[in-house]
Amino acid sequence: MTEFLQQLINGLAFGSILALIALGYTMVYGILRFINFAHGDVFMLGAFAGFYLAPKIARVLPTPSIGSGLAVLFAAMLICAAIGVVIERFAYRPLRGRPKLTVLITAIGVSLFLEYTGQFVFGAAPKSFPRLIPDYPIAHVGGLSVTSDQIIVLSVTGLLLVALRFIVLKTKIGMAMRALSFNPEAAALMGVNTDIVISFTFALGSALAAAAGILFAINYPAIDPLMGILPGLKAFVAAVLGGIGNLPGAVLGGLIIGVTEAFVSGYISSTYRDAIAFGVLILILLVKPSGLLGKKEVEKV
Amino acid sequence: MTFKHAKLLLLAALLLSLLISLFAGRINSYVLFVLYAIGINIILAVSLNLINGYTGQFSLGHAGFMAVGGYTAAVITNQFGDLNAFAAGALFFGALLAGGLLAAVTGLLVGLPTLRLRGDYLAIVTLGFGEIIRVIFQNMNAVGAARGLSVMHGSTNFFWTFGTAAVTIYVVTALVHSTYGRGFIAVRDDEVAAEAMGINTTKYKVTAFVVGAFFAGMAGGLYAHSIQFLTPSGFNFMQSIAIVVMVILGGMGNTPGVIIAAILLTLLPEGLRWLAGIPSLPGIAKAYPFAWVGNTRMIIYSLLLIGLMLTRPQGLFTWKRRPILPA
Amino acid sequence: MTSPSENPLLQTERVTIRFGGLTAVSGLDLQIGRNELIGLIGPNGAGKTTVFNLITGVYQPTEGTILFDGQSITGCKAYRITARGIARTFQNIRLFSSLTVFDNVRTAFHLHLQGDVRHALWRGRAFWAEEKAIATQVLELLEIFHLEKFRAAPAKSLSYGDQRRLEIVRALAARPRLLLLDEPAAGMNSSEKTDLMRLIQFIKGKFQISVLLVEHDMQVVMGICERIAVLDYGVKIAEGRPDEVRRNPKVIEAYLGEERTHDA
């Protein structure tokens, strides 16, 4: 039983990180109907932003502490939000209206660019992420171990989700985002400034990815420029699993994949861990391509 | 362009490559190595062009087919020790064919489930398949898993490489430039209209995958017997992307353009390596020569992709082509 | 009301299709005889193109059957239905944009290919003979419709009217017994419409086929159709000769609130 709960907690922690990344994919897809291949690399940049910012913040705030941790988190989120906006502005916006394939290839190009320039600038060898938040005494309940780092992941994710929900449901720009995802032409006609809303969506998604990057780095302190590839792919699968374009679906998908990976890795074997996400992807696209919570789109003939 | 003499051209190409391969001893072995790489990349690019370019199925897992072909051929030839020239040739041919056929079966397995998928989903799923294949080989102890597989025979030579390339070019071109073959392009341009014109789009898509995978498998076999050491990481997503870049640079559905692109992109890292060897270059280039080459190649690829899509998505070598009419 | 022979070319029996909660077509009974020119009209959203999609196999009916020449084609795949002898054009022209005019028509000849992949690869005498025969037939068709001078041009470079004609030629290349035309007069001026009407009647006569025409333009529909069926909200509300339909109060009511297209 404890083994089960242990894997469940591990899975939920990892799944939360996937959920944060998946939200970015699903938001962009909902508005632009396009898969931002480079999103996983923004996750990586978030981790590296935290890596380089931490010592600077340590000079101002006592470290490790909750305060310095939050400062690093927000700073990284801000930086990546800016990066997301820049990428959209220069790589994707000029291609609006062009065939989907063109943008997809561009996105692949951006992704590769971020990864390999990252290797060139940061160096390919993994770096050790500094401790941002003190390692509080961890909970031990009958063999079950929950680290404070995991608690941080779950609580920060929860808070970010609440904030996101607020933004999407209760603010004007959130409403504009939703309008755009339903009908871009009508939204534009209603006076929605498409460019600003799209930029904001990218900023939001990138900020969440950055948060995921920091949370990931807290729990798995070895970071390298290629670290975004696998989590990015898995998060994409999570978004599809939940129904691409559907925000709660992205969270659900992330948690499901995280937990499934934890269980398969724990009970069966860890060698095929990375292939699970692909297996899930192929399965879902064969059985219910619109995802668990998504709705079918019919092509007009 | 009429293709009345296509078969003669093919024969001529085969004879020429046989001739050159007999004199290959005189050529510097490094140059030969690069030439083989060019030939292999031509096969990969032209075969992928059938799937991506002509049929419009954006496949990002071509390296997976290459892996299947490479490992199969290697395992077969590894069973045999030294043989006389004729037997060795026959064995190699058999091994290559077996690799191609197994890769073709893999192509069928990949093509079938992906039929209903649109552009971006199709791309991701094919990427997924490519990765699954790589992971399978990584965990297969019979082929050395992650440690790699040594290939005993270095059977790849000029004849096999360019002979196969010539056959690949012939098959893809002959296939597409026929009334039957117009169907591939119809599927790419408008699937709904194609079905309405009586074209079984499923069959065309699957055919493209199977034929494309077959030749990728043969390329894999040639590759295996050239570098004589296989690791699963050599068949990863980056490798698939490298082939995709060739197809995009050359122009999707433009076989001559794709061939030129394959040649240029094969020579690119060699050019970079040469550049890194120049004494007057700044310290970074000299201090990390291989990282410089490896990273720079991918950085250049990525900028190439972005730049091409922003400025010239039809590829560098697509010009106003004369219409294809049978004689 | 005239009714076709007991051996109709196409017959739909209580065909219904539902998309989730929406019933697009309900209980449709439609008969098309041999060598008949039938019109299908109705206000926007009545389900006319849906009927086309049902007949050609793009959609599968939720209920009901469709019989072509006495044999069921319900649930058949689109390309198989074309092989049986039904071809169509599309509301928004769907030509193969990267192919030439010649090749667009040539794709439809794929249906009649005797050879297959192996012939294309071997390229022996049989292959070239067949390709030559196909080329001749394609050019013949293009000539009939005055498009042969464009044969090497990319299909998308043609004028709108020529593109529409090309789409019809391409459909004819499939050698159908039933031709479905989806709003062929859209975007045409008066003289172009007159040409189109003559063209459709010419096709019916020369190729001895039946034509099912979906059209908004009353000038065209009333001008050439032998029989008209009227659809409203997916239900057939009237059927008969043009003069009967035009006077039918249910039809008039269905179109009330719609902008009436005035007859020339």
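Each chain gets a letter, A, B and C, in the order it is written, and its residues are counted from 1.
Everything that follows uses one rule, which is that a residue touches a chain if its C-beta (ideal position, glycine included) is under 8 Å from a C-beta of that chain, and two chains touch if they have at least 3 such contacts.
Only a predicted model underlies this, so the values are computations on that prediction, with no experimental measurement involved.
The greatest centre-to-centre gap from chain C, using C-alpha centroids, is found for A.
When chain centres are taken as C-alpha averages, the shortest distance to the whole-protein C-alpha average belongs to B. For this pair, chain A with chain B, the centres built from the Cα atoms lie 34 Å apart. Centre-to-centre, using mean CA coordinates, chain B is 42 Å away from chain C. Chain A and chain C have CA centres that are 49 Å apart.
Along chain C, residues 58, 90 each make contact with two or more other chains. The multi-chain contact residues of chain A, meaning those touching 2 or more other chains, are 301.
Within chain B, the positions touching two or more other chains are listed as 192. Of all residues in chain C, only 56-58, 77-79, 82-83, 87-88, 90, 94-100, 102-103, 106-111, 113, 115-117, 119-121, 123, 127-128, 130-132, 134-135, 151-152, 170-171, 174 touch chain B in the complex they form. Interface residues of chain B facing chain A in the complex, by the touch rule stated above, are 58, 113, 116-121, 123-125, 127-129, 131-132, 135, 139, 192, 237, 241, 244, 248, 291, 295-296, 298-299, 301-306, 308-310, 313. Across the interface of their complex, chain B is touched by residues 34-35, 91, 94-95, 98-106, 108-113, 115-117, 119-120, 124, 229, 233, 236, 240, 271-272, 274-275, 278-279, 281-282, 285-286, 289, 299, 301 of chain A.
Those residues of chain B that touch chain C in the complex are listed here as 3-4, 6-7, 171, 174-175, 178-183, 185-186, 188-190, 192-201, 207, 253, 323-327.
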